[in-house]
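Chain lettering (A, B, C and D) follows the sequence in which the chains are written, and residue indices restart at 1 in each chain.
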Amino acid sequence: MSPAPKVKKLLNDPDNAVDEMLEGILLAHPDHLVMSDEHHRAIIAKHGPRPGKVGLVIGGGSGHEPTFVGFVGRGLADAAAIGNVFASPPPDPAIACAKAASGGEGVLFMYGNYAGDVMNFDMATEMLAMDDIEARTVLTTDDVAVENLERRRGVAGNFFIFKAAGAACDKMLSFDECERIARKANAHTFTMGVGLTACSLPQTRVPSFELGPEEMEIGLGIHGEPGVRKGPLDTADAVTDEIVDKIFAEMDPEPGEEVAVLVNSLGATPLMELYIVNRRLNQRLKDRDISVHASWVGPYCTSLDMSGMSITLHRLDGELTGLLDHPCDCAMFRAGQ
Amino acid sequence: MATLNGADFVALFQAIAQMIERERDHLSALDGVIGDGDHGVTMSIGFQAVDKVLANEASGRTPADICMLAAKTFLNAVGASVGPLYATALMRAGAAVKGKSDVGAEDVADIIAAMAAGIEHRGKAEPGQKTMVDAWHPAAEAALGAKAGGSLKDITAAAADAGRAGAEATGSMVAGKGRSANLGDRAVGHIDPGAASAAMILDTIAQWASERAD
Amino acid sequence: MSPAPKVKKLLNDPDNAVDEMLEGILLAHPDHLVMSDEHHRAIIAKHGPRPGKVGLVIGGGSGHEPTFVGFVGRGLADAAAIGNVFASPPPDPAIACAKAASGGEGVLFMYGNYAGDVMNFDMATEMLAMDDIEARTVLTTDDVAVENLERRRGVAGNFFIFKAAGAACDKMLSFDECERIARKANAHTFTMGVGLTACSLPQTRVPSFELGPEEMEIGLGIHGEPGVRKGPLDTADAVTDEIVDKIFAEMDPEPGEEVAVLVNSLGATPLMELYIVNRRLNQRLKDRDISVHASWVGPYCTSLDMSGMSITLHRLDGELTGLLDHPCDCAMFRAGQ
Amino acid sequence: MATLNGADFVALFQAIAQMIERERDHLSALDGVIGDGDHGVTMSIGFQAVDKVLANEASGRTPADICMLAAKTFLNAVGASVGPLYATALMRAGAAVKGKSDVGAEDVADIIAAMAAGIEHRGKAEPGQKTMVDAWHPAAEAALGAKAGGSLKDITAAAADAGRAGAEATGSMVAGKGRSANLGDRAVGHIDPGAASAAMILDTIAQWASERAD
């Protein structure tokens, strides 16, 4: 068997992909984003950080765009620390972000619960303490596919969790309050995804895992890692039902509850399929007497060119609804007002 | 018995970097099965960066300083899981031989043990969790076991043998740390990529030692 | 040789894909969109049409989402007529759209220059005349890859052309003015795209054309049709240069000019690659002393799951800049203010 | 000579619909080479819709009314290029036999000619531009040529033969209309999908006629 042809990508030297992408992002969004003076992988909101405000720093590997850098902007994150593709950023960019985001009231580090990110951001926290900047960490763990609670990953639901925390910071709430809200938003967010094809890294250009022509990965992370299990690919409705059943089992919603919805493309799955999923999702929500306050459908947290999607439900109450509706203006995302 | 100076450490890092380049795609493929497919890429980025910095900035430095410089360089070039793990390992390695301009065979045993301890500390991992600790931990024990009176060749060979066996043993383990921890039984039957590269590093050290007039 | 495995998609009965998608869209965007009472494939802006305003109706085949339906909303299009996948809508939905959009001052039909769309919308225009609604057509023809001017297609640059026309209508300008502006915006818009892989229809799930592992299609439309020629896949910078050279040759910009930029994904190409393209594009613009007023980078006009991208330059002057900056609030797109 | 009534027209539409289902993937593949790959899908959607509507609503109608109903149904189910083209063709067909409850062989020649004229009018296309006109136009000429004294079988066979030859001839043409017009020489060597399906429709009509006791 001859080796499979390499996956085609529009790249120059793949080792420069992340830095060239950042250059392109800064050129496209000069009104929203600036590069930190201290580190070229620390991207700062032009109109975010200000004295008296708790700073919100998000970050993680590249390849998930618009997550993380696209959610930097007034009303959401003050800065994003950018790693290589699917690799946590090292401490230095996180430190540069924290310094830029700091308004003297402390800095929240928020990122997905992955071993690498935890180690790097924890090293950054230790180093910042020496500069008298207190950084606290709120890990996102919205992936309900994983049974072991401590191992739950942060996936597309980051979107809602960052949004709530960003709004809390923008409203100039105290460090304790911002941290409390971030943890609450995380506890109120439930995601599960399926992958139809693997993605491929710029450096390798080969699919990162093997999947049969009638198979899908169920409960996968956002780095092209395999899911918790493989299953047969089914209709959009059946796949939606499988995900919704799992989320409902976890969240156990009461009739009359209100949620916000994210139907997220992992990259290559087009809007047509996402909206077909959203149709079924709404049928299922209606059946449980759950109302939808707002919906986002599209590529919000991707795994490069992977085909597949995830569903997130963000359980609302008065406080979280207010934070969700709070305006934000980011390079790749606007909401509210 | 011969001792190792700063230039020897630079040569050793270079040998490791060259080995990683050769194994890059293989390591990524291993990581594709149970992780996110980039382990060869992360290791390559890290050791290429170290190699480049050492080529320019290492002359006249002690082994300890070289380890510290390599640690900082690796960390900031890579991030990921392996950045903090190997950065901590290399910082501990430097601390273990601090102040010495030449290190002997016994120091090398201490270095390997310090690296293993650093990785375990940073990763909060223990043997049996299907990580690079499963290569580094037995390698450290073997190195310390061969330390008393052992030659550089004996010590590094003992570490490499133990590391190789440890990496192979990860094949039958369920993962307790890292990305593959969420795969449960699906990870069984596949060797942990971080343990595999650890064994290769240990092997490169042993080969390099055996090729030296001892 | 065994037949290639079918492309995986999240669908139910593929014949229902368009209608199920529309259901999912209406459920996701109830504040922006409603279905016409007269036709289920006529989607109307909730806050768009009003007496005295020229109505703007856009439309075309499905599979290009967020084009066309995502650009329906106040400040942009009043309604979109929705066809089957890559197939012009028939006259009936276009007629229903025109009736809903009509504020008594006439209706603009705007869509890409494809044989099928022209025939169907022209039939709609004839039938509307019997109801005393005057519909005028402005075809979009931004695809500079085609040499024959009459055969130029409307592709991703629709985005800027619809935006200018929508703003003109929203500002309550006269029918003649709105038509003049629409034609001017079209003349000021230049697009060219490349395809790296073919897309596949829900009904067939096989790639619509064959392409070698090192080839790309150059100058392709947005329906998965082949381009004007095949060429070797090159680096991101080289591909960008090839497109920019062609656009510059066509547009012949003067030093000091200002443009708006769209780097568009055809579906599966991720943001990382688009921003790498945007980096090179900005280098090229800077070299010609052309400044960038605003940039959009992402999937704005897609061909289902095709991998590839297009670049559009929208040549600005005082009038077009004002129209571009005019606020709009659509289901899948917001700008201005 | 036998005449055709409304029920015969319904049966004929059914035969065409069944043929298109069989040829669906083949026609889409033809369109994939020089168009957007959906011609089998558009024709299938259209004739399936016609077949369904006629099964429910055609009883008691004249051939002309059935053509009109088919035209409207096809148009609104399909859109695309073929929607207006075949809708116009079928409206003209209906107009050609307006008021008659039975149509004879000569009427069928007029119907084929009317359809060709309708397509040419709607598409603003002429023979030689690599479209369905290249099948319909010679078919119409052949049908009119066989009209005087010709049997239903003769007329439809003449149309089918000419249509088939016309469709095959599109292989060597550069396109002047439709999506493939932008391909230039790249379209040469490939048959136009719309001409291919037109030839198949004419062939189905001829076969259907030859199977009837004439």
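Keep in mind that, in the parts below, a contact is a pair of C-beta atoms (placed from the backbone, for glycine too) under 8 Å apart; a residue touches a chain by one contact, two chains touch by 3 or more.
Source: prediction; values computed, not measured.
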Can you give me the shortest step count from chain A to chain D, moving only between touching chains? 2
What is the distance, in whole Å, between the centres of chain B and chain C, each centre taken as the mean of its C-alpha atoms? 53
For the pair chain A and chain C, the C-alpha centroid-to-centroid distance in angstrom is 28
CA centroid of chain A to CA centroid of chain B, Å: 32
How many angstrom lie between the CA centroids of chain B and chain D, rounded to a whole number? 73
Check: chain A positions touching at least 2 other chains come out as 85
At least two partner chains per residue is the criterion; list those residues in chain D. none
Chain adjacency by touch: line, ring, star, complete or other shape? line
Sort out which chains touch which and give me every pair. A-B, A-C, C-D
List the residues on chain A that touch chain C in their complex, please. 5-6, 8-12, 17-18, 20-25, 27-29, 62-63, 65-66, 70, 85, 196-197, 202, 213-214, 216, 233, 235-237, 239, 261, 263, 267-279, 282, 292, 295-299, 302, 304-305, 307, 309, 332, 334
Interface with chain A, chain B side, in the complex: residues 25, 28-29, 32-38, 40-42, 45, 75-85, 122-123, 177-184, 186
Chain A contacts chain B in the complex at 15, 61, 83-92, 114-116, 119-120, 123, 145-146, 148, 151, 153, 198, 201, 203-204, 206-209, 221, 223-226, 228-229
